[in-house]
Structures are given as C-alpha cells and as structure tokens.
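Multiple structures are listed underneath, in structure tokens.
Presented sequentially are two complexes of subunit A, the first with subunit B as partner and the second with subunit C.
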Partner chain A sequence: MEQRDVILRVRDLNFYYGKKHAVQGVSMDVEKNRITALIGPSGCGKTTLLRCFNRMHDLYAGNRHEGEIIFKGKNILDKDTDVTSLRSEMGMVFQKPTPFPMTIFDNIAYGLRLKGIKNKTELADRIEKAIKQAALWDEVSDRLNTSAGGLSGGQQQRLVIARALAVEPDVILFDEPTSALDPISTGKIEELMTSIKNKVTIVIVTHNMQQAARISDYTAFMYLGRLVEYDKTDVMFTAPNEKLTEDYITGRFG
Partner chain B sequence: MTAKPADTEYMELRGNLAEMSEAVSKMISGSVDTLVTGNIEKARQIMESDRRIDELDVKIDELCTRIIALYEPKASDLRYIITALRIIVDLERIGDHCRNICKQSIKLSSMPKVKEYIDLPNMAVAASDMVKGAIDAYFSKDEKKALAIIKEDEKIDAYQNQITRELITYIAEDVTKTKAVIKLINITRRLERIADHGKNIAELVSFMVTGKILRHQKPEDDDEQNNAG
Partner chain C sequence: MITGYARRKITNAAALVLSACAAALGLFFLFYILADVLRHGIMSINLKLFTLDAAPPMMAGAEGGLRQAFAGQLMLTGGAVLIGVPLGILGGTFLAEYGRFSKIGRFISGLSDITVSMPSIIIGTFIYSILVKPFGGFNGWAGAAALAVIMLPIVIRTTEEMMRLVPWTTREAAFALGAPYYKVITQVVWRGAAAGIFTGILLSVARVAGETAPLLFTSFNNNFLTFDMSGPMPSLTVTIYQYAASPYEEWVKLAWAASFVITLFILIINILGRQFIKWRYKN
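After this line comes the complex of A and B, so read on.
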C-alpha cells in the first residue's frame, strides 16, 4: 500500500462488555483528513469500535480493552490518558441530535469556555466560524440567542457538528449521524462532512451502505466483532476481495 | 442534494469523454489525410495514438462502474452514465477502423496511384462531422441535433455507393489495379462503418434525452404511423 498519513493506528484491539467479546483482534490504520466508514450488520461491533476511539466505554463499569490505539504517538488505551482532553481532540456526534438546553450561541461557547477562551470577541468569532463551517449560519445568524431546542432535527444535528468543530478537534466520530433525519437534511449533513474533511478526520458508523459509498474514502466491513475487509471505498463497492463483504454489500444477508 | 459528492466524478467523466472523442475525430481526418499525402510516418503516428483511445476506454469504463456502484444514479443521471458506457464502445471501434485505414494507406503508398482522391476525403469529413456532432449532442443533451445526425447517414451511404461504383470501373479498365482498388473499396467501407457508429451515438443521445429507444426502427415505420393517423 502507498505511503499514507495515518492518524489512528489500531493494533490487535479487543473489547469486552463483561464476558461478551464485542471487538475481536481488530487492526486498522485510519488515514488523516479522509472519511472512513464502518459498516456491517447490527451487533457487528462497529459502534463499539468507534467508541473505543474516545474512550466512551469508560463511562460504564465492567468493560475491558486490550490492544493499542495509537493517536499522536500515544496509546490512548493507557491508564494515564487524560480522557477529557482526548475527547476534545476527538469529538463525537450521535444518532439523535444532542443540543444542550441553552441558546445556540451558548451551545457552541460551552466547549470554548471549557478550553479557557473568555474574550468575548474571540468567542463570537470562533462561534461564527464554526457555525459557518457547519453550513448553518444563513439559517441561524439572526437568532443566536434563542434556544437550540427550537431548531429542526437537521439543524440541531448541524449545530452539534458546529459545536464539535468549534474546539478544533483532530477527529470527529459520527455514530449514525443521519438515521433520524429526512433525505434533504441527510444530504446537507453529507455535504457538510465532505466539506470539512480537509480540516478534520472523520470516522463514521452507518447502517446506510449507500451513505458509506457516497461520502467515504475508505470503508471497513465488520462482522461478528471481526474486521472482515478494509479498503478504498470504490474497491469495496465495485470489487471486494472477500466473499462475505460481497454478500453483505449485495444484500444477501444483514 | 446527495448527488453533490459525485460532482467530481461527473466532471472527470466529461473531461475523459471529451478527450476521447477529440482524439477519435483527429484519427478519422488524419487517417484519410495519410492516404491522400502518402505520409507513412504520420500513418504510423496515428496508429500509435489508438493506444490512448484504448486507455481512455478502460478509464471511462471504470469510472462509470464506480459512479453506478457508489452513487446509484437515477433517471436522467442513470441514462447519462449508461449512454457514456455505450458511446465509448462506438468510439473505440472507430479508433480501430482508423488504424485499419492507416494500415491500408501505408500499403497503398507503395503501389501506383489508381486515381486522385476527391470524394474519399469529403466522405471522411462528413463521417467525422457526424461523430463530432453526436458527441456535442451528448454534452448539450440536444435531441434535435441527434436526430439531424441520424439523417446525415443517408449522405454517407450515397458517397459509398458512388465511390464504390466508380472504383469498380477502374478494374474494368485495368485489371492490374484490382488490388489497389479493393483496398480503396475497403477504406470506403471503413468510413461507412465509422459514420454508422456516429449514427449509433446519436441514437443513444436521443435515448438519453427522451428515455425512448430509437434503435431497430426503420424510417418507413414512421411513415406508416403517419398514414394511419
């Protein structure tokens, strides 16, 4: 394979929910400033893998990691990792929009203030920049001080992406970001993801295979906790190497 | 909306197809040129340029497969891609015909000239215009233009009949010219095939614009329908 700029290096990763072995010996390199999609049937471990990247599993007891995820030269699974700063470098967007119950402005200011930015002009500038990057500015610029709850589902999702972008993370993890949205809003989010990938690396879990095909550069297919095949998206969707990938992509199972 | 990520692919397709049709047009006029001038060096160059056509054929084929697999184009987008996939088959064949014309030109250059070539170059221009026009119609999605090109094929058939008839009279006059005359008749036949491919492309364009398939319909069918109405 040609020389690639790798941002996340996963090696022999195993993950257990108590006794359940959910991710089994996964090794993969995630390339910087590209969109990598994780696909596979329900329960294949794709969301579990995604959540390993920002140690989301730490929030629940009884979970266990083995292996390595190297990010910026460090194994983020090590005990001494500062998960708060890790999560600001690795943002996450969930299936259902999760705006905070506050104004649009404050939603985005929240993370910035946590990072210690107090200067009002700088705050306003960074908020405007983030909302513009998330292609939401034209729709909300005149009501930044109204509640984020008043936005439509698609707008809320873009607001959440703006909030993630504001703290300038290296990676944004998307967990089924459009499965609760209509096709038009989905299209907007997809366009948005393609437009921000020069600034941030994107890893997306999606049930919608066509979405993976449309927007991602690399696709990883997982099945029963294992990484079956991982390649350039056009290869995966035109001539996959594994029979199992072929069967899943052509709709023979899953 | 969601077609947006595919835009770069569509632009790449357009660029490659434009390059391929441009190269094919050059081959058509160039190959008959080498016949007229007897320039063997140029004939070899043109034969060599067919390689680029073959490369583009493969490239466009892969690109269209990728677009279909990744973006599932629908309706007019789907017809646009399917048409591109079929156009390249015609263009590639035209390239092969041109190669063959060059080959015969090289052989003819070492034989005594049967006659001055006047109609053959004209026929080549007409055939090349058909191909160029059909591709233009594809890019501008212009059905009227496509239909006009389909009609042009009659002109080519007339050229072929006339040139062939004339060439045969040369055999009657001097049997030693038979070999050369057969080669010239062969070239005429190749030009006629090239124009047919141009017509095919025009029919594909008409399908792309309207969604109706024009192939295998004879002009008489239209007349009958008109009379019945």
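After this line comes the complex of A and C, so read on.
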C-alpha cells in the first residue's frame, strides 16, 4: 500500500487488560489529513487501539502494552511521554456527547484555557472559529452564554467536536461518534468530518459499515484483536483480499 | 377455601390499611407538634425576643429576650459549617474519585452511613473528652466541632453521591483535552455536582441547628451575649431545654418563642433544600 504522509506509525502493538490480550500485534500507518475507519465486531479491539493513541488507558490500573506508536518522531507509549501535551495534540470525541456542565463558551474555552490562553479576544476568536468549523455557529451564536446542556444531542456532539478542534490538534479520535444520534444529526457530523480533514487527521471507530464506506479514505478491519486487513476504503469495500473481510462487510457475521 | 388470588387480595388490603394507619399516626403527631409550637410560639413572639438579652426571672418590670442565644446559635452553626463543609466535601471527593475502587473508600463510605444515625449525645461526650476536658472548660469551639462531626457524614455522603452522578465519560472528555485529575475534579465534576452538594449542605445545617445533646457537653450555655468562642456559648436549643424546665412563666414563654423560631428555620431550610433538588432535576 503506498503511503505518502504518515502521522501515526503503529508497530507490533500488543495491549493487555490484565490477562486479556485485547490488541494482538497490530502494525499500521495512519495517513495525515485522511479519515481512517476502524471496523470490526464488538470486542475486536478497535476502541482499545483508538484509546492507545491518546494514552487513555493510563487512567486505569491493571493493563499494559508492548510495541510502538510513533507520532512526530517519538514513541508515544514511552514512559516519559508528556500525556497532557500529547492529549492536546490528539483530541477525542466519544460515543455519547460529553458537554461539560458549563456554558457553550466555557465548554470550548476549556481546552484553550488549559493551554494557558487567557486573552479574551483571542479566546473569543478561536471559539468562534472552532464553532464555525463544527458547523454550529448559526445555531448557537446568540446563546454562547447559556448552558451547553440545553442543546440537542446532535448539537452537543458538534459542540464537543468544536471543543476538540479549538485547541488545533493534529489528530482527532472518534469513538462511534454517531451511534447515539438520529440520521439527520449523523449526516451533519459526517459532513463535518469530511470538511475538517484538510486540517486534522481523523481516526474513527464505527459499527456502521455504510458510514465507513461514505466518509473514510482508509479502512482497517479488526477481528479478535488482530488487524485482518487494512487498505483504501474503496478496495476494502469492493475487492478485499481476505475472505473474513468480505464476510464481515457483506454482513455474513458480526 | 380461599384461593391464592383472593388471599393475595386480602393480604394486599391488610398491608394497605396498616401502612395507611401508620402514616396517619405519624402525620398526626407531626402536625400536632407543629401546631402546638406555632400556637404557643406565636403568642409569645415579639421583637424584644431578638433585641434583648436574657433577664433574671421574677424581677418586676424586667423584660428579657434571647438575643444572646440567637447570636450564639448562629456562631455555633456557622463554626460547624466552617469546619464540617470543607472537610466533608474533600472527604466525599476522595470517596467518589481517588478512592472509588479502594477498600478503604468503601469502608469509609459505609462508616459514614453508620455515623449518620449515631446518637448525637455520644458525639457530644466524645468531643467533651478531646476538646473540653483537656482545655479546662466548656467552650464554643467544642460546640461547633460537635455539630461539625454530626454534619460531616451527611456532607461526605451527598458529595460522594452527587459526584458519582456526573457521568464517567464527562471526566474522560476532560482528560482527553489534557486536563490533570485535580482540574477535572475542581472544574468539571464539582461544577456538575454543585447544586446537589449545596442541597446536602443545607440539609446538614437543618440537621444540626436543632441539636441539643451534643451542646450540653461542649458549649454548655451562657445567659450573656458573647462573641468569645473559647468560653461557654449560649445556644437556642440548650436555652430552650433550660427555660422550658424552669418554674418561671416568662422563661417558659421565651422557650416557646425560641422553639417556634428554630422550628420555622429548620422547616424553611428543609423546604429550600428540597426545592433545590426539584429545580435541579428540572434543568
């Protein structure tokens, strides 16, 4: 597979929850400014893999990893990685919208303030820019100082994406971002992901095969902790090499 | 022969009647006490209650109030809030966050539940042994500390419960933006739990404002207005206890008036607290 500009280089990654070997010897390159979809049945390790990229597993005891994930020339799995700065370069959006219990403005300002940006005009500018990128400006521009809890589920998810975009990360990791949303909101989020990929690399875990086919440039199929096949999305969906991939994509199991 | 279905219906009816009777009995006495306090209290209440200090009984023309007891009560309760609330919030935060999977966390949580129903006189004697006896006499700080100990488990447990209500993924989202744990707690979780924690504090204040037993051993009582927490402090509850048992008619009337005020105060705080919960769940 020809790769041009690789942003994440995964090499022989193994991940264990206690004795459970959740990710088994995965190696893959994630291309910059592209959308890479991780698909596979529940429990195949795709979310575990995603959460390795921003070291989310550090929050919990009893797991360990082997192998490398090279990002900006460094193995981010190294013990001396500054997890705080890594996470500001690697945003994450979750399955359920996660607005903070504060105003829309403060929600998006949160990551910026963590980075030490206090200047009010700079904050306001970057917040407006982020909300516009997330295609939410028309809906919330007149109520930035109201609680984010008052937004609909789809709006909240776009708010969360705006919050991730505001700190200008290199990568945003999406963990089934639309599985809790209605089709119209889902469509808006998909459009949004396509529109921001020139600024940010996207890795998305999805259970929705059509979604992977619609928006992603590359698709990785995982099964029982292993990476079965990884290729351009149109190849994966039209002429996969592996029988297993074909069976999964055509809905014969999963 | 009674069939299974008929038997269940009879059992159901019997349980309904019994529980309704029990509830009616409880409500009857609750309203009886409230009505009695209101009736006697309203007859005895006037502005002098709040503006004058206690006067010796049986003196011709002497008029007295309970200003000293109101001031003392406020200082004791305020002192208890100052000690109990920060400790309780920090303790509850530990249980909900850092200690949530630990054995010691679960142990403390269970212990707090037991302490909530601990007889307050035992807390009074405990504080007596560590803050009164070693310091040579009754003092206001000991009273505030005793009330704080009673507040503590209530504040700890509501803080813990309210913080647990904040979804775990909300915390993960804050971590994912690069926030360290203490900022996740103070800026995100506390914010989400603030209304609930505040309600818990209100209810704990209502709980301690009516306590007499722990004060008998600690702040005792005083018939003079004082702002010195290191000496005996007057309190409404102990004053009610002493005045109600006295043979003097004026004192008994003052006790009724004080009972009225304190009952009203606790009632209002309770209602406010509960309204706050309702309002929170509406939003």
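Heads up, the rule we're going with is that the second predicted complex is superposed on the first by the 252 of 254 C-alpha atoms of A that agree within 3 Å, B and C clash if a C-alpha of one lies under 4 Å from a C-alpha of the other, contacts with A are read in each partner's own complex, and residues count from 1 in each chain.
As a convention for this text, a residue touches a chain if its C-beta (ideal position, glycine included) is under 8 Å from a C-beta of that chain, and two chains touch if they have at least 3 such contacts.
Everything quoted here is computed from the prediction, not taken from an experiment.
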{"item": "When subunit B and subunit C are modelled together on subunit A, clash or fit", "value": "fit"}
{"item": "Touched partner set for A:183, first subunit B, second subunit C, both or neither", "value": "first"}
{"item": "Partner chain(s) touched by A:110 [first = subunit B, second = subunit C, both, neither]", "value": "second"}
{"item": "If touched residues of subunit A are counted for subunit B and for subunit C, the larger one", "value": "C"}
{"item": "First, second, both or neither for A:49, with subunit B first and subunit C second", "value": "neither"}
{"item": "Partner chain in contact with A:160 - subunit B first, subunit C second, else both or neither", "value": "second"}
{"item": "A:214 touches, of subunit B and subunit C: first, second, both or neither?", "value": "first"}
{"item": "Spatial angle subunit C-subunit A-subunit B, Cα centroids [nearest 10 degrees]", "value": "140"}
{"item": "Partner chain in contact with A:227 - subunit B first, subunit C second, else both or neither", "value": "neither"}
{"item": "Touching partner for A:192 - first (subunit B), second (subunit C), both, neither", "value": "neither"}
{"item": "Distance of closest approach, subunit C and subunit B, by C-alpha atoms in Å", "value": "27"}
{"item": "Overlap of the subunit B and subunit C footprints on subunit A, listed as residue numbers", "value": "none"}
{"item": "Residue ranges of subunit B in contact with subunit A within the complex", "value": "1-2, 4-6, 65-66, 69-72"}
{"item": "Subunit A residues within the subunit C interface of the complex", "value": "54, 56, 59, 83-88, 91-92, 94-96, 98, 100-102, 110-111, 114-115, 147, 149, 160, 163-164, 167"}
{"item": "Residues of subunit C that touch subunit A when the two form their complex", "value": "166-167, 169-170, 172-180, 183, 187-188, 191-192, 283"}
{"item": "Partner subunit B, residues of subunit A touching it in the complex", "value": "183-184, 186-188, 190-191, 194, 210, 213-215, 233-234, 237-238"}
